[in-house]
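Got a structure here, written out as structure tokens. Questions coming.
The first chain written gets the first letter, and so on, giving A, B, C, D, E and F; residue counts start at 1 in each chain.
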């Protein structure tokens, strides 16, 4: 705690001044470029890895970067996405998993029910991830297995995201873009899911910055 | 999105190298000092305002830094706290509100049900905040009212936090410390709740770094 | 009720005999070709419109052919799909909407909360449908609007279906196929959603009987 | 899937024409005689076993013909009953179980939690059925036990049905009639519960077509 | 509070001694005759109106003597009944409503949503009561209407009680008896529901002490 | 049941007359001094142990005197407290545990899941109690352990109580007082939690009748 207090002292005396103009501007309101959903893991700093300033990312963080489906009780994730899209006009939502994720280890290994009951319960929102890993990744183990789980989990949570009315409405017409990212802690690399080739590839090759998700269905009625 | 992609490019080529040793070390595991629960608001960068490096803070972020009470469906907030305390051994939990919070504005002003249904539903976890504001802050308005709401909300969410078994167990014996903070966006100042005087005061005056929360009740039985 | 009792009398004396061999065979177990999810509407007879005998279709029927997302309380729809896929080995799931659907009318027109509270609550699983209609179909009205809603609803419910672990696991590897159908009561025509052109087209043109849904993502890890 | 596509082809070209007048009439609206709640089992065709035409039965089908009690989350069964009674004016509700029911086998035998988690969870709405079987049918086994479970389950679900406000209101005054049926797959026979003798008996002997459920309580106040 | 403290003083010095033997006996365990479910209303003292000593009644009290149906979240009422029947062997369950009930007034009059949100929500477990009153008691008003609501509510809650597995199992075989009572505050009279004549009548005429609820259905299978 | 019927007979003929004036007065409305939340245990008679007349205590009773946190589904406990405070103006809420509590035994010993599923589920609202006992009372056993659990449980439930908006609002300003009591069945003694010394002490020493809970936080904003 000592370190944090010292850090606050530093920020209030030095850090803040360095960006004072930005902060005074931000005091009037926020207009973030994207909604960034990632794990609570202390090793991830969204602003650092995207080199973005305060005001750029509307950030949601929980254990395992999960997004409970629409209608599953009263969770904050769907609320955050709704706020980002409807109130702030955000057009990009990034779900970012990472290597060596403790939540994914729990999904893969199980056995946490007694010692971590709330975590175990929460991870049911990653049941699809667990099922996919169980059925398709029996040949992997250790860090590789956890990385595979984290990748599949990003895709699973993107599917969950599509069940939000605000997302379903806009994704179907290409008015919003969903991104699946993976952060590799040990190398600092970021990968993005490329739906054209069904693979995670270096983010700089996948995200060209153009907003091109084509509509998934059109309105022509059957008669 | 262009900016973010450029930022990732910068981080991968320059930012990462600057802290490469730390990241390589972190690849082996995390041991954060504190669990930091704050709002999704893009203007808050927990690592920046505490001047702390990756690995220092286990971070939970949602709209309004809310913590649904124990037993309220399957929310991630209690899971995160459980993971931080039980799996990572974290001894400090900070709930950090902020000025000009959009969630608090919604709590105070209402009227969001139709346009922001998921947000409105989520904010029911701040019903106590809304009730307190309604009964005790009728004399305030505008930014002042929202700041008051954000402060009361920090205290309300700390009460919610106490309902988690893992917290109830340790707080009652002084093995863990809960902190209520407020971040003032326009000045960069951080305030902490001082339970001795029932006020938020500059964090540097309140948090002396000693872990002194005394036990709230002892075990002497009635017979 | 008189008619039904007479009908039972007819079946027990005449109808049953006509297919006695089939029934005796079925007494030993079922092995349906597909899981058919449609509306409770009395005008739809799944076996009739597919000219299929008892034993062919595992049938789920509710108001509006809705499929609550995974994790939304304890609904029977996900249970039925799990049973069909895991216990019965079904490889095709058909979600079949229809024209002139009363549920869709309620979604589009609203105003049912007081007179039909349970229906209104249930239709929240079609909130995405309602949002899509509101945002993209303002130019339609009457029967056309309801048909458009029914079509979009089929696609929304297919997205919900993907959140079931058993489906997520198999769809991602092309081991199961999801079909979106629309039944036009007044003409007896059936249309199927063609994902290649984002349109509902005559079922005979879309469903060639081959099981060709390609995998949506592969397993190549990021490292 | 090939068979179904061929069947649709047949219906569109031949089947539809055979009842074209009926379908054109039905295009204007439905007025079913009864609400028929039965199992998703592919071997049951409600229209076939009651020899009834499209438009006659408002049909609800799920695994085990269960009806979650009023207030248990957001299930479609109560919504369907409400729609049938309030919007369509249906006066008869039939809950129809069947022999050799896979759901009842799961209730009786248990052990499905790991392989069929969603089914297992759903079957908690048949917990009373399981408890009754456990306490009163220890002397039975095999098909007999499953048949007994299916019968008791019909009665349990009828009790659940009574908790719907729309049913409670009308049943207490004899304005609606609830029927408990059992379909014997191997013989095509249908039995109805006869509350006078507490037994399932051939439907033709029990259902005479008269609507005679007397009111269960009157309004004379205690003072 | 002064009065209560004085009352405790009195009990500890005088009241306890008067029944000391009974209390010493009770210290070893309880074996109550019945489970008594009534309203939280301060004017009802179950032990007083049945002239029964400590140890006689296992008592559940909430606003409106409601019993949420089986499966509706995690309520204490079903738990209490289960404990009474299974752990304590209780064979009689009494649901006791009363005249001038504030909860029934809220059910009948509505309009409490804003000022009493939790109460309003809780009273949804009396939705059937509200629906019955609305449909069948339009000719009553004032105290008479509230009394009628309280009577119907007792019957509604008895139906809810039947959905508990432990009750369903035993009621169907006559191993337990459910009683519907009404307490008239102004006269001290107690009435019991007489299912033979569908009326509430003086308890002394209805309850003859014999346990005669005949089984509601027997086990003879359909084949 | 015979005894209860005789008791009713006695009350109607003798008991009622003894307090007839009070009852006639009460018929016009209730104005209880306190809301008393205690266990369903038959050995506790709240009116007896506080020597208070009908009309004095608004009583909530369930297994284990639990108070599910705010937001945990639709429980009656929060509704009762809201009704007591808002509609009846009650200023004192007493949560009263007791020695030899069967619910606490279940919390401490576990193993009730199969035989008492509803009870086990309900007791999750005492998970914090169970966790505290497990971590801090390993040195106790038998009756002592259960008494310790009951004491800690009173404190846990008081924390839950604070999450109700109506309580949070008033407690923070000292407008309502919460009391934690323990009733010792074998001696008739009542103890109250003394927050100044973190101990349960004889109620007559702790509760001096003055309403002195000081506000927990004030309104001075951070700027």
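Operating definition for what follows: a residue touches a chain if its C-beta (ideal position, glycine included) is under 8 Å from a C-beta of that chain, and two chains touch if they have at least 3 such contacts.
The UniProt protein names, listed by chain, are A, B, C, D, E, F = Carbonic anhydrase.
Computed from a prediction, not measured in an experiment: that's the story for all the values here.
Traced through touching neighbours, the fewest hops from subunit D (Carbonic anhydrase) to subunit E (Carbonic anhydrase) number 1. Looking at C-D alongside B-F, one finds more C-beta pairs in contact between the chains of C-D. In terms of the distance between Cα centroids, subunit B (Carbonic anhydrase) is separated most widely from D. Distance between subunit A (Carbonic anhydrase) and subunit B (Carbonic anhydrase), defined via averaged C-alpha coordinates, is recorded as 19 Å.
In this assembly, the C-alpha centroid of subunit B (Carbonic anhydrase) lies 44 Å from the C-alpha centroid of subunit E (Carbonic anhydrase). For the pair subunit C (Carbonic anhydrase) and subunit F (Carbonic anhydrase), the distance between mean C-alpha positions equals 50 Å.
Residue positions of subunit B (Carbonic anhydrase) touching 2 or more other chains: 68, 71-74, 99, 124-125, 164, 166, 189.
Going from subunit A (Carbonic anhydrase) to subunit B (Carbonic anhydrase) and on round the loop of contacts, you meet the chains as A, B, F, E, D, C. By the touch criterion given at the top, residues 1-12, 15-16, 20, 23-24, 26-27, 29-30, 32-34, 40-45, 47-52, 54-63, 66, 68, 72-84, 86-87, 92, 94, 99-100, 102-103, 115-119, 121-125, 164, 166, 177, 185-190, 203-204, 207-209, 211 of subunit D (Carbonic anhydrase) touch subunit C (Carbonic anhydrase) in their complex. Put simply, subunit D (Carbonic anhydrase) touches subunit E (Carbonic anhydrase) in their complex at residues 68-73, 99, 124-125, 127-128, 130-132, 135-137, 140, 144, 147-148, 151-152, 155-156, 159-160, 162-166, 168-169, 172-173, 182, 184, 189, 191, 193, 195, 198-200, 215-223.
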